[in-house]
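One chain, subunit A, appears in both complexes that follow, with subunit B as partner in the first and subunit C in the second.
Up next, the complex of A and B:
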């Protein structure tokens, strides 16, 4: 299964790597050149459109992004030579474009008048930190299976991180979602970090329990029904998601964790019945919360009737308090097929969270349908590489971890993009890599690093029984 | 574990597909709806992103643009003599949208119109800012000013048309408003706007085009046209009418104002002295169906677009007594000042009704003509012979009838007065009407006018078309004739 996948991938490669097997590192390097050049051109484009001249920070930005990408590439080449060649370029491209878009919105007078500060330099710093963490993971995490040791510690840490924001006061400016911990002017979003840590717990836990969960079940109407006591874990995670939703009013995180858990449970046990249970519980939970939480109801109203915000106040549906949803639709619609061009749109009319949750609306308006579809496909490609890594992984823990991280990433993209485009109710989450927000960008770089580590292990030639001295010999006799 | 993994891969693929489909829906299928949505601020931002093109009267712009300091809007609309021209231009306000010519030709004025594509492309290559085109109107500044000034602080409207082409020369509505006063988006602009909305005199109502009034005795011209066209009457034939005339199916007697020879009067005499009895009887004899048919020839029962929409003037189906009263413009039939100007113009133009219009040309920034209005005939209200008989009647009115105050030296003027009752039991001040045309010695008819004055603050007895409305019409006709000389 996994080996055939891996060799199939490398079969046509002519690159000679130190191990004598193709590693695709040069492909990665070539892709990275594009991933750096495209944002640099975009940056120049914004500067020319807004000020009529090349932006002053052009050289610094280009060199900075190039340097970070170059170092990351060298470290991958040295420490994870067989890793997937596409993930790093895609992440770099998305991060680079995100920086350009944030810088573009920094130029907006309208946002400046609202009191939004300059965000691009900070975001650049966070990106650098994210890449540093990426490098650290690759250098120090020699094998992803080491993480298995920390299964239950991860659980405790994740629960603390998830619960923490509930004890901090909600920010008024954030429309009621409590997902932040603030220290003065500095704030972090612990839910983002919890995303990776809880995946480690799920993977470790399910790897141990999968046989019990899968085999000890009864058949009923063609479905394998789990025993009552085996329902325990899914009930706990479900309850946790509901609690997040109720106490932190955070629809996105709640949906993300529950969805990811159901996916991992399904992969671990290969029992379709879990999906059914998961969907039923999600629907039940959603109905329950929608009935009792005014904040969630307001979001649903904004999703169903975005334009009603323009009605006179007494005719507006209850709970509809923001015109963001309508403004985002205006931005997408005004962009049309080809977009207004970078720097020439008015997506800053969205106002609050234009640089973070709603960054995709700027893509929509300024790069148009074409650009938005390209960005969505880039995300899709990154997820696909992650799932491929899961397929290729040789150990169950690696498989579970990879699919957990990939599906979390996929769900997050779907929940944010779907919310901003009005496909599903809006939730307070950030577009991975592109949106303003330190926690998010750091976490996602770490996520990609772990996926690269798993894929390196998976694609590495099967370990020989005896270490290196014989390796040369075996190569020689290979047909 | 790989089978579920592959299924998850398909699931993630479906998620991305759902996003792509949604994206196509909002950015392609629905894009135009969002793009032009009335609450989408980009519409206003685009409208004021560059100096707006101008609305031109007699070669001079009556509008302008000035640069402003604001994040959203670079320019603001200004108006020269805004009060005089507001019924023509409408307004373009950053906060409150646009109406009339400002709205209808927004694409030309902003430069966004597809027909300006060539200019836009050139501008793009030469690096120049997009420019707006101009809208050239048919209006005559002297006629408009004369009308506005003689209306003074009276409430009402006046419309002047060139009968030969249908070109609108004057479009006055009073009280008026200055569109400059709320062109911006500050709190001061909002205050002005709200004040205008609350004003009981409705200054923002375009009375010339959008308000319908009972036409009163001016409608007798239409009834006379119907009488001649039906072949049942002639200009100097006795009409066999009693005075007073008892309305059909009724015990009400209809009398006449003043002491004039209305009994058995011919059409000419009846018109001269505005005999109610004669025209009510004619209307009854022709019947409701015929009266509707003949008034529709003049443009009743349909909306007109000049290109600003004008309200529909009506001559409805009704019972016999009401139909008889409609023959003297005093029942359920109603008309806009524009409609009555069309009546006078069609008579003056020997029966040919020309389509009224006020957009002459749309001009691109490079001065090339994008669109030009060619005069169009809407139809014939009567044969040339009968139309000339109608002219004789209307000229008699001004020569030695109720319309004497509209006489102009050296020019033949035809007219008809009207005093339309309104309010329960005629309690409110009546509407004073006057419709007329002027014919020069060379036989051309450069202008036809309709004037209505609503309950002005004068003594009730003084209210009559000849005293209040005729001077306005006269001033406007003189202005047009002066321009010709």
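Up next, the complex of A and C:
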């Protein structure tokens, strides 16, 4: 009897485990200790391989990472006791491994000769700032539903952030894509922050409009075709991402925003036709822009013919200017199944952006296919926890917000990993948590904090309700 | 540093990394194999014991809440929140459009404080309409007083249907 009952239960669409609902904070603590020890091990490994001795700063860095993780854990225990137990450890591990890999590339003489400065201490500072923002979000955002009030404000803020870099003067450090704002020696990437803010807008907007988008449609050849006027929002977002592509020549950001919107539209309306429309529009838009934008065309050439860079100058296809893509492929190839070992690869041959966009190539060479799979699985697990949170959320806004944030994260990982491995054209985006880049690491910590807040609300046993006098008006059914 | 040490460290690091992944998956295995994996064995062990002496003391100890056959979760079966479940642990569950409801209904036909579901002293789950405009329906009948919920009976609020399940 018990067996049949159990199988019957797994068949239903259960979303959160019944009974008990342990807070699982101790699981989180154990995983967190594990997640701090692995980067320390990696750090020792790099030091031994490069200099033949334990690195001097090992105790300091290890304790620093451990301290940040410990404070984060205590705050989660205090302010979000029912939050998901895995997101914080996975984020800590990825951030720690990223720090080790950046430190390892700092040791490379080849990169130092190119003029790349030491990046690890800065990245550690950015990580600390990121964790500080993570703590601030958990402490001050008592309920994610508060964000719903700022639906249209966040649209305006996100548009300003997205448009800002286009109006700043281009500097030689822009590297083709205009996505930075510079203040002296200091630069930020506002598109990264816009990622979270625009998700809030999409979630609030789609929650209100989804019935119109889902129900008012004609059926044609097995597909639900939306009415012309309901295409409005998707056209606006599409136009926006095309404008980003044209004026900031940034394929990654444009792909991320449009993809995220299509995913959220699909989740909100359950209509497959939106995905089809989205894919067609994205492909059409990118192909259109590539016809006149040299930077985008160069990226596509580097994707289709990465090895042609080694041809003599006059036989190279037009627009191919860098051997990064080829070197990244060499790195993955020479890594093989088990990798060359930390600190023993030559991924520094990639040169420019080895520590940021191409950090995954270092993983591929020094940890091999085995390590790359593990890292990608960790990203996958983090996304899975986010989608799980969306399933468990009991309010539509929280569901859409969690789906939007995790799909933004997933799309970013896909766009970067796919670009570095040559699956899709390379776009200037950073691997979340691992790659060098302050804006990225700060944003992703905030993103994880919001997901933790939603999962805390979703798993928390319900409190007694307080009746409110200002009840909303309700529509009356007329017979 | 000797070649052997580095090889051992290289393979050891990969092993540790994968160990982390495997432990992580262990933590969420309830997602992958359903939610009853641990409880199933406990129940089987319980079933092997003679059933008679078990019931009375347990009921007394837990205030009668977790009696045999009592529903353990609330499942949304229709409406925009289809698939959402809430564990029943003796707490009151509120339904409505208000943002602080346990289940926030995104439904024009729901009031902001529409209904609540709570256990009485015997552990029987009761549904009560909180003066909503369009009413709460248990099966086909509109509720006027707090009513015990029979197992499997659908409760309809606007376009949303919920059920209590074991």
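We take it that the second predicted complex is superposed on the first by the 435 of 479 C-alpha atoms of A that agree within 3 Å, B and C clash if a C-alpha of one lies under 4 Å from a C-alpha of the other, contacts with A are read in each partner's own complex, and residues count from 1 in each chain.
Here is the rule we use: contacts are C-beta pairs under 8 Å (C-beta built on N, C-alpha and C of every residue); 3 or more make two chains touch, one makes a residue touch a chain.
This structure is a prediction, so every number in the text was calculated from the model and none was measured.
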May I ask you to decide whether A:391 touches subunit B, subunit C, both, or neither, giving the answer as first, second, both or neither? both
Scan A:273 for contacts with subunit B and subunit C and give back first, second, both or neither. neither
Just checking: does A:45 make contact with subunit B only, subunit C only, both, or neither of them? Give me first, second, both or neither. second
Pick one for A:26: touches subunit B only (first), subunit C only (second), both, or neither. neither
Looking at A:122, would you say it contacts subunit B, subunit C, both, or neither? Reply first, second, both or neither. neither
After superposition on the shared chain, which partner residues are touched by A:368: those of subunit B (first), subunit C (second), both, or neither? both
Quick one: classify A:417 as touching subunit B (first), subunit C (second), both or neither. first
Going by the contact rule stated at the top, is it subunit B or subunit C that touches a larger number of residues on subunit A? C
Touching partner for A:377 - first (subunit B), second (subunit C), both, neither: both
Doubly contacted subunit A residues - partners subunit C and subunit B: 1-2, 368, 377, 384, 391, 396, 399
Subunit A to subunit C touching residues, read off their complex: 1-3, 5-6, 9-10, 12-21, 24, 27, 31, 34-35, 38, 41-42, 44-45, 48-49, 52, 85-86, 89-90, 93, 143, 145, 148, 207, 210, 338-342, 344, 367-368, 370-371, 374-375, 377-378, 381, 384-385, 388, 391-397, 399, 461-468, 471-472, 474-477
Quick one: which bits of subunit B touch subunit A in the complex? Just the residue numbers, please. 1-6, 8-9, 11-13, 15-16, 18-20, 22-24, 26-28, 30-35, 37, 39-42, 45, 71-72
Which residues of subunit C touch subunit A in the complex? 1, 5-7, 9-14, 16-18, 20-21, 23-25, 27-28, 30-31, 33-36, 39-40, 43-44, 47, 72-73, 75, 80-89, 91-94, 97-104, 106, 108-113, 116, 130, 132-134, 165-166
Show which residues of subunit A lie in contact with subunit B when the two form their complex. 1-2, 109-110, 113, 263, 266-268, 270, 307, 310, 326, 329-330, 332-337, 346, 349, 364, 368-369, 372-373, 376-377, 379-380, 383-384, 387, 390-391, 396, 399-400, 403, 406-407, 410-411, 413-414, 417-418, 421-423
